[in-house]
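Take a look at the structures listed below.
Each of the two complexes below includes chain A, the first together with chain B, the second together with chain C.
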Partner chain A sequence: MSVVEIKDVAKQFGDVRAVDGVSLQISTGEFLVILGPSGCGKTTLMRLVAGLEQPSHGEIWIGDRNMNGLPPRMRQIAMVFQSYALYPHMSVYQNIAFPLKAKRQELSKVERDEKVHQAAAMVSIGHLLSRKPRQLSGGERQRVAIARALVTEPMVLLLDEPLSNLDAKLRAAARDELKEFQRRLGITTIFVTHDQVEAMGLGDRIVVMESGKVQQIGTPQAIYDDPDNTFVATFLGSPSMNLLPTDHYELGFRPEHFLPATRVDGSDSIKFTFHVKRVEYLGSDRLLYGFVDGFPETSLTLAKLPISVDDPVEVGSSYEFAVRNLAIKRFDKESGLRWDGGKS
Partner chain B sequence: MTSASVPQSNTTTRSWFPRNLWDNERAVGVMFLLPAVLYIVLLVGLPFLIAILFSVSDVTVGDTSLDFVGTENFSDVATVDGFQYALANSFKFTIISQIGIIIMANILAVILTQQFRGKWFVRFLLILPWATPVALGTIGWLWFFDSAFSPIDWVLREVFGLLGPGTLLGPAKNIVWLGKPELAQFAVILVQVWRMTPLAAVILMAGLTSIPQDILDQAEVDGSRFFRTLFRVKLPMILPIMIISLLFSTIFTFGDMTVVFILTRGGPVYYTQILPTWSFFVGIQGGDLGQGAAIAMFLFPLLLAVAVVMLRIARRTEVN
Partner chain C sequence: MQTAPSSNRRIGLWAAISFFVFFAASPFLCMAIMAFKDSADLYRKANNPFFYNLSPTLEHVELLFNDTPYLLFIQNSLLVGIAVVIITLTLAVPAAYALARLTGRWGERAGILIFLVYLVPPTLLFIPMFRIIVALGLRNNLLSLIITYPTITVPFCTWLLMGFFKAIPRELEEAALVDGQHRIGAFLRVIMPLSLPGVISVIVFTFTLTLHEFIYAMTFISSSAQRTISVGIPTELVRGDVFFWQSLLAAAVIIAIPVGLIYNLFLNRLVQGFTMGAVKG
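This part shows the complex of A and B:
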């Protein structure tokens, strides 16, 4: 059953169409990630769901109610902002209690106190309740923001890049914790990010957006293995997918599928002569930069060899490389759409 | 041959001005600070010292020789009726007008941070009372409060029919604002509120616009409505700025003599007399410089205390 349904929603700011005809269904307990580069409309889409913006066109349903025109407080949602937006003059306790008071839930003081302590315990910040936000670390602030979001038991939790203010080490831990936590509570979550690693690691499904439009919706694996167009193909994956122009279409394959011919099953593969111009040694992998015969030297081609592929490679030499047919995607040269119809 | 005639040593002829002076941070610092220090020493520090000196001497306009008289001036001025009224009124006017200013300024600041058509024009009008010289603005008010031709009276009388024989506000055709003790005090406070509100409102507006949008969005998502967001989120967040604004307007109001001098000259009797005007009347117009200085000295510890207290509060409530 879908908790949130976005029906052909558009949002216009002056001449700019920030969100352009987006339709989505999010089911109960799902962790949906909206992924895209900055300015793609992903935050606007989330603000539309939250009710901080009203759509110029289309409808947003939460539960079984049309939410158009309703303010955030009537939507049974909670949101965590990138900056965490903690009230700086309130203690952690007061921050968490704020939505309970503001939403005028009929609670006695004892019940409210209980809820605040429960929410704080869920994210293990029970010992910080009397602190002010400025006395907390980045990770602790994030937990306070999450506790404040959960205290009203919302139907949908909206997270706007909540990990991007944390340092790299903390971010990995927080990501892990967030996923674990969401699974335990089973709360429907929409998570906005520009970080593909976060998106792949967290999402049950990923929505890839660009220029206000949905480019593809699918599981992390489907998005990575079967991109619908060249935007999705190149936005996900690091280094990104090789695209070689032919007369009729663009030939796409991921660098990790581009291997010495001896390593690829010969019966069902395409062979290329690969001229290596540069080698980067990355510890667990080797990255080879070069170009292939039959294509202009300017279409840079990369190969990513795992440590197990220890064939000697010299800069300036040419080698026989191959890609399995299954790993090759063909895209229309004009539209960038999958030429072979996708789902190979 | 002197060194000056050698082309390469041109620089040595200008050695009175060290070429690398601008690289010397200490010297540049001193040079930049000097005008401000001179200003404070000559125009604030020196007069202050002279005032202290006068207050413990018997100097008058007629006899400028300084003879030390100890605290005699202070005990003399303190027993006079005029002084006691002035002291009480200084506090009364300042406290009441600050309450009015902070309420009005908050209302204006909240209105002027909303989006509406013609906002720039309203903002322009708002700043006028502050931009107008105090004396000119107060003369305008003097006409408003005129005993015979007051436009306020005219509106009450001709438009609302509240003034004149057989009406609510009595048989008299005029209210005579500045002729009755309570009304004169009200008039002085009103003009102080009118003239200080714009500055306070502009300071508060700056504070309100500096609140991050995320916090306001968060309050909305949390279900907070207009008044809760205002009283629980916005105002607490701008409290330090509000205190600074209060500090400014308290000092300006407490030390101002223009409004009272132009509107009432302290009258009727002593009912609108305040310390600055009383000091002026005794010291300058009465010619007793020593006593005038002694009266003015009463302003100092009060202003100092106000400043220290408010700066402390501001520091304590400072939020990240």
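This part shows the complex of A and C:
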């Protein structure tokens, strides 16, 4: 059953079309990640679901009700903002109790107090309840924001880049924690990010957006292995997919599939002569920069060799490299869409 | 964090603070001393003005309370002051909020225009204002002051509050909306508490202005019973070319000290408000 349904929604700001005909269905308990480059309309889409913006076109349904025209407080949603937006004049306790006071007025004082403590315990901030937000670290603030969002038991939890203000180490820990809460509570979650690692790690499904449009929806693996178009193919993966122009189409393969020919099963592969121009050692991998015979020198091609592939590689030399046929995608030169219909 | 100041530094600090406190308080001290001086003491040039060369007297303070409507003036001033503060807040708070949240450049431009209105000096306006007051039949009525003072305070306070509202991140307000508030609830529960320093500044500015404003109070009011302190005291205690110095100073210091103390209470809140972390560290 779908909890949230976005039906052909568009949002126009003056002459900017921030969201352009997006349709989505999010099912109960799903962790949906919206991924895309800066300015592609992720935040706008989330604000439309929250009711902080009204769509110029289309409808948003939450729990079988059309939400168009309804203010945020009527939508049974909760949101964690990028800046966390904790109320600076209130203690952590008051911050968490604030939505309960307004949204769950039937609760007695004792019940409310219990819920605040439960929510705080869930994110292990029980000892911080009397502090003010300014006395908390970034990670603690994030947890307070999550506790404040979860305390009303909303139907949908919206998160707008909640990890982007944390340092790399804390971020990995916070990511695990977040996934853990979500799984434990089974709460339907929409998570916005521009970080593909975050998206791949967290999402049950990923929606890839660009300039207001949905480019592809699918599981992290489907999106990575079977990109529908060149945008998705190059946006995901680091380093991104090699694209070589031929007469009829663009030939795409990921750097980790581009290996010395001796390492690839010869019967079902395409061979290239690879001229290596530069080698980077990344500890666990080697990155080779170069170009392949038959294509212009300007179409830079990369190979990523895992440490187990220890063939000697010299800068300036040429080698026989190969890609398995299965790993090769073909895209239309004009539209960038997959030639083989997304199945290979 | 700074390390704890050494005792030398601490002494230096206290010396500096004492000096400035004395500097700021000395006019009030002089006023208080002189209010109780005997006339024979005050007018003798050879006497040290800072000490009682003859024994102090209550005579002039008694004159102030018994022979002038001093308490009535205070009452009038308080009435006008409180009314103008209320009017200013009810007009300036919503206006500033609307202008601060207006998207695009128009909000800012309108704010600057409003501020420009404040720069037109009352000395230019008191004659046209007087004609309006006469036309409204409000001469000799405290209402004349209650409706004209906001023409000075509302533009300035609107502009002042705009700055405070703009400094509050929009996300805080949106969080309140998501957390179940109406627009008005979000404003009252989140925006207002965070703008308290601004509101206090508005109250202090407005009340001070109504206390010391002279031209309008002088022009619009001519009967003694309707006067406010700023005009009432000089008209009662400067008779022809005779200045009742001690009574004048007593009148001033009696009003200045409580006002100063009340403002000081606010000061703590003001400073507290300014140092509050808004969204992120």
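Things worth noting here:
As a convention for this text, the second predicted complex is superposed on the first by the 343 of 344 C-alpha atoms of A that agree within 3 Å, B and C clash if a C-alpha of one lies under 4 Å from a C-alpha of the other, contacts with A are read in each partner's own complex, and residues count from 1 in each chain.
In this text, a contact is a pair of C-beta atoms (placed from the backbone, for glycine too) under 8 Å apart; a residue touches a chain by one contact, two chains touch by 3 or more.
All figures in this text were calculated on a predicted structure; none of them were measured in a lab.
On the shared subunit chain A, the superposed partners chain B and chain C overlap sterically. When the two structures are aligned on the shared chain, A:Gly252 is found in touch with neither chain B nor chain C.
Once the two complexes are overlaid on the shared chain, A:Gly218 sits clear of chain B and of chain C alike.
Of the two partner chains placed around the shared chain by superposition, chain B and chain C are both touched by A:Pro72.
Of the two partner chains, chain B and chain C are each touched by A:Pro133.
By the document's definition of touching, neither partner reaches A:Gly203: not chain B, not chain C. Of the two partner chains, chain C is the only one touched by A:Asn165; chain B is not. In the superposition on chain A, contact is made by A:Ser83 with both chain B and chain C. Taken together, the two structures place residues 50-52, 71-73, 77-79, 81-83, 85, 87-89, 98-99, 101-103, 133-134, 148, 152 of chain A in contact with chain B in one case and with chain C in the other.
Chain A contributes residues 47, 50-52, 71-73, 77-79, 81-83, 85, 87-90, 98-99, 101-104, 133-134, 148, 152 to its touches with chain B in the complex. Taken together, the chain A residues at the contact with chain C in this complex read 50-52, 71-73, 77-79, 81-89, 98-99, 101-103, 132-134, 138, 141, 148, 152, 165. Every residue of chain B that touches chain A in the complex is listed here, in rising order: 212, 214-215, 217-225, 228, 232-233, 236-237, 239, 317, 319-320. For chain C in complex with chain A, the touching residues are 169, 171-172, 174-182, 185, 189-190, 193-194, 276-281.
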